[in-house]
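Structures for review follow.
In the two complexes below, chain A is the common chain; its partner is chain B in one and chain C in the other.
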Partner chain A sequence: MLLVLLAVVFAAIELLPGDAASATSERGEGAAGVAARRHLLGLDRPVWERFWDWITALPTGDLGTSARGERVTDLLADPLPNTVLLGATAFVLTALGALALGLWAAARPRGTVDRIVDLTSTAAFALPEFVVSVGLLLALSLWTGWLPAATVTSADGSPASWSMLVMPVLALTIPQTGWNTRIVRAALADQASTPHVEAAHLDGLPTRRILLRHALPGAWPAIATGVATATGPLLGGAVVVETLFNYPGIGAVLAGAVADRDTPVIAGVVACAAALITVVLLLADLVRARTLGARP
Partner chain B sequence: MTATAVRRPAAPARRSRPRILAPIAPAALLVLVAVTGPLLAAHPLDKPVTEPYAEAGGAALLGGDQLGRDVLSRLLHGGSALIGNALIVAVTITLLATLLGCFAVLSPRLGRLVERIADTAILLPPVLGIMLLALAWPGGGRLAITVVAIFLGTPYAVRIVAGAAAPLATTGFIEAATASGERIGHLALREILPNLRATVLALFGLRFVDAVYVISMAGFLQLGPQPPEADWALMIRENGAGILLNPWAVVAPGLAIGLLAISVNLAANALAPATARRAALR
Partner chain C sequence: MNWNRRQVLWAGGGMGAAALLAACGGGNDAASSGSGGKPRKGGTLRIGALGRSSAIVRDPHGVQGNESDYLVIALVHDTLTAPGLKDNAVGRLASSWKPSKDLKTWRFTIAKGATFHDGTPVTADDVVWSLRRLRHTPAGAARLPGMKADHITAEGKDTVVVVSDFANAELPVMMRLSTFILKKNTPDKDMAKAPGTGPFKLDWYRGGNARLLRNEHWHGGQVYLDAIEVTMFESPQAMANAMMSGQIDVASNAGPVAARTADARKDIQVVRRPDDMAMPVVMRTSGGPFADPKVREAMKLVVDREAMVKQVLSGYGTVANDILGTADPDYAKSIPQRHRDLTKAKKLLKEAEFDLSRTYELVTTEDVPGLAESATLFASQAREAGVKIKVVKQESGTFYQKTWLKGDLYTNYWGTNDSLVFFASKTMTTGSGENEADWSDKGFDAAYHKAIAAADPTARTAALRELQQIEHDASGYLLWGMADGIDLAAPKVHGLPKLPGYGRVQLENVWLAR
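Let's turn to the complex of A and B:
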């Protein structure tokens, strides 16, 4: 499936009017010059040939060469870890936050907490990340002056201080936590109506014990799948949030590559993102298989 | 992923009117204001009336933007296109998904194809998709974004409809209709479709919320509507640099998008019966 996706991405870029040779051309360069570079970049070869070259080099860790002649792996080496750091922190916070809120709400079904959590999580997941970012900027930076508004990059290409991570991470976490809290809450509600949980209730076990020991294990597969699907939106949101906070991630590389019609760079970014998402989804499947396998 | 938990395929019990109206009213009011907004605007949307990033007050109630244009007037102009676009996307996806979903449960081959496409699409974050396809069509502007949003949203939506329709395909009345030699089109449209009202309604609400998200995201990335158009998301991007001088130029459109997203989402949530909502939660 990864293969199909990458082929589609390749084809999509191919359909763009204009190509890397003309997009990176200097002003005043003649048609002959553009044609020469088109040949140099191999753009006059058929698209499936170039795709085959690129895809067969992929397993060796070679992502090809960008239209400006840099190796794509070098181009992504600095910003990619920054974006992954941003996304991974947000992912962990989302998972923990959603789990805590979902459990808290499920402890008293239809109680005040349950209703408030339901309302706020529903409200939160509809918010685009950049709107949350603006709100955070205003509250944490302009009015209180607690955090710096933009990211300053240190010499090694990573953010200069951890405080510059706080707002981008929060902007990513808040909408995703809203969505996942609903999934956790729904999965726990499903479990609450199963016979063994009802039996535990009748036995008079404390609510916390029932939730953690009896309801939660059965809810794991649904929760894991739900949280795993947050990977895509988190990575995508990271690209957007990066532009607002001037964070040194793949967002900037991607914007430049799209403007240059730089197929290998875009395909490289999509390949990295898709590979990451695949791994997380596989982990979720693993959790599902283990849970279902443990219960005959 | 597990969209099979539809226990009550028939129409759900009706809820009392006030309880339904309360969550819908804010969304309806907001949409009304956004659509009639251009009539209320005091200034033309592309003429400077104050100095750049002027503070609120005087000629402009919410101050000026980066070119000194009236923020309030631009705000009133900016909503209708976003809402109209989102509505088109949501209606199209819901229609497509409902049709395809009904056929998918009756034809295993189509069902497998849909499943594959949805599994592939999940590997492409929406923002990357917008970037790719919107640039495949430079100058496509809003139309390009609309098409992208439909393309990206349909696979999931089909899966939800198919998930809700799957239990129906094995029920007695469908089997009876199949046995009496009805063709697939009749089965899908006359036998299955009428039983999916609740799911379709929930789907439409969620797709509308998602469309507002995708379209405003594209606006923010400056891939959809182009300046000097007044678009809420575009206003946030354009005026970001002046947030210290006139915060309203950024905060007002931010609030507008936030309120729209939240109120529509709450309305969709209230309209959808609990079982269908569960099914629509991926």
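Let's turn to the complex of A and C:
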């Protein structure tokens, strides 16, 4: 799967107008200089040959060299952990938030809380990260001055203060929580109509107990899968959010590399992101397998 | 919002990369912001500069695309000469220079007491090694034009001899472009941490961000700041936000939009550096609909320059007169300013039998703010003279591959105050590498050669006057205005450079009020 994906990435960049040699050249460089650099970067070779070289070096941890001559692993060394920190925090928050809201709403089906949660979660999901970010920036930083507007990096390459994480995390969490709350709520609703939950109801058990002990266990597989799929959008949203808050993450590297047609860098980011998503999906699968009592 | 900074810097880099960094050698008070009393020693300046993490390059002789990297490199390493206010080139690491009678051999003397950050004195060998290394980069021929690597040699401990391929009165100006001096035989892998000779030394660098400390022994004089912290911003918007919320003291090259917002606030200085960026409309002169000089003149008469400056640049700029190199001390202010004259334009178009039934395409990009807007506004102004122009936006990569140097009508930009001769030699003399309008004019070429071979300042000025007159009358450039460079700064910041182009990174005179 990953192989196909990376091959598509290589092919897609090939189709974009311009190439890395001209995109990263200097104005004074002249056609001969650009041609020389094109040769240096191997861009005069067929795309499949370059792909083969890159992919065969991958298992050794070598992601190749950028069009500007920097090692891709060096380029990703600082931003990747930052994005993982941002994404993981947002992921945990969105999972907890969605679970809490979903359960709260499910406690009184069709009650006031249920309707409000239903409405706001839909609205939140419909909001792009961009809009949420700008709203947060205005409200929490530029008007009130409570939080720093941009991320400043310290000597170790990470954000200088935890307070700089708050808004980027929220900007990612809010839309995703909207989506996941709906999944949790729906999964619980499905469980509500199963015989054993109905039986628990008829036995007169407290709602809380029914939800946590009887409905939730059966809903786990659906919830885990749903929340796990949030990884993709979270990483995608990170590109936008990182730019707006100047967060030193991998999204910024990706955006710049696409502008430069810098194939090894783009492929490197894709490979890392794909690896992350795969791990999370695998974990979700394990949760599923455990709950359903079967081994994959 | 996400403009391509690489292009801005490209332009700024002009013929080379790191370019016009470096200081005007101190004491150039008129070139700095604010008065605010006596300079005070101490403090850390937090400055924001644009850059992209994917484009980070640490080699001072590399193809740097990031302003943030330029800034760091220019503070750590000195160039031989630097842009100045009254002269195009003032001393930096070179304290003086002297040409031979034929203007081919130039001797540069290294400033007394110049040392690297590790304490070793700078020798002519170091300079020769650095210049040759620079010359051997892919763009080396463009960075040090007319200078073969073998023709750069050392004479004794402190003199560097450069023999030019042709008589060149402008050679010291070339030496302000990316001539960062490193220690002889610095290995490629150590470039990022190599000691320089500049006013600041590197404390740490991480992912585009850096901290620099004062070089107590800088040959160029007193440095006031204890330290400079550089933060790289991916987007101008984020940089402006950081400025507004007080996270940084200076937002370098923040642009007119941020300036407009900041103008309303008393706690932010808007520092304008005039003549910072040219955004000419380029008309192809060797063929196509604009090959007739009458048509080109008509187009130059069609544009409403005041309206362009007001609307495209939000007023942060000045009207120009179709001559590139407006900040050059020899810029001919005496050539009458061209104004809008639709009647004359229509008459010229008629004489040239210009096809008014056709729609002409004006190709533009969104590489720098205002560029696409300038095309749109120009198109609507041309309509008033009966010329139908359709604006076509191209993505940067496509533009440079398909349109630049080739198109009939397109917008372009040069982000620096390069000299008259720079533009003449690079973009207008016959057969020059970046002859954007594919222009060739014998009189112009002659004036150019006269100017660069003139040892006598009066003769040189006269030749340059002639060159500008021809450029004004006939070239393929419609230069309607010059955009100001705009930096935002907190009130406590004093001594910021006011020079255009990469003059903006000359921060050694900056000091902070208490």
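Convention: the second predicted complex is superposed on the first by the 293 of 296 C-alpha atoms of A that agree within 3 Å, B and C clash if a C-alpha of one lies under 4 Å from a C-alpha of the other, contacts with A are read in each partner's own complex, and residues count from 1 in each chain.
The working rule: a contact is a pair of C-beta atoms (placed from the backbone, for glycine too) under 8 Å apart; a residue touches a chain by one contact, two chains touch by 3 or more.
From a predicted model like this one, the values you see are computed outputs, not experimental measurements.
Trainee: Scan A:L75 for contacts with chain B and chain C and give back first, second, both or neither.
Mentor: The second partner, chain C, only.
Trainee: For A:L142, is the partner it touches chain B (first), chain C (second), both, or none of the two (neither)?
Mentor: The answer is both, since A:L142 touches chain B and chain C.
Trainee: With the two complexes superposed on chain A, say which partner A:P248 touches: chain B (first), chain C (second), both, or neither.
Mentor: second
Trainee: Is A:D260 touching the first partner chain B, the second partner chain C, both, or neither of them?
Mentor: second
Trainee: If we overlay the two complexes on their shared chain A, which of chain B and chain C does A:E198 touch? Say first, second, both or neither.
Mentor: It touches nothing on chain B or chain C.
Trainee: State whether A:A186 touches chain B only (first), chain C only (second), both chains, or neither.
Mentor: After superposing on A, A:A186 lies in contact with chain B but is clear of chain C.
Trainee: Using the superposition on A, tell me which residues of chain A are in contact with chain B and, in the other complex, with chain C.
Mentor: Touching chain B and chain C on chain A: residues 16-17, 137, 142, 243-244, 254-255, 261.
Trainee: Touching residues of chain C toward chain A in the complex: what are they?
Mentor: Those in contact with chain A are residues 2, 4, 6, 10-11, 13-17, 46, 52-57, 59, 62-63, 65, 138-139, 141-143, 204, 206-209, 211, 231, 233-235, 237-239, 241-242, 244-245, 247-248, 395-398, 400-402, 426, 433-434.
Trainee: Could you list, by residue number, the parts of chain A that touch chain B in their complex?
Mentor: That would be residues 1-2, 4-5, 8-9, 12-13, 15-17, 119, 122-123, 125-128, 130-131, 134-135, 137-138, 142, 182-183, 186, 190, 222, 225-226, 229, 232-233, 235-237, 239-240, 243-244, 254-255, 258, 261, 266, 269-270, 273-274, 277-278, 281 of chain A.
Trainee: For chain B, which residues are in contact with chain A within the complex?
Mentor: Interface residues on the chain B side: 1-2, 5, 116, 119-120, 122-128, 131-133, 135-136, 138, 209, 212-213, 216-217, 220-221, 233, 236, 240, 243-244, 247, 250-251, 254, 257-258, 261-262, 264-266, 269, 278, 281-282.
Trainee: Considering only the defined contacts, which chain A positions touch chain C in the complex?
Mentor: Touch list, chain A to chain C: 16-18, 22-30, 33, 36-37, 66, 68-70, 75, 78-79, 137, 141-142, 145, 148-150, 152-157, 242-246, 248, 252-257, 259-262, 265.
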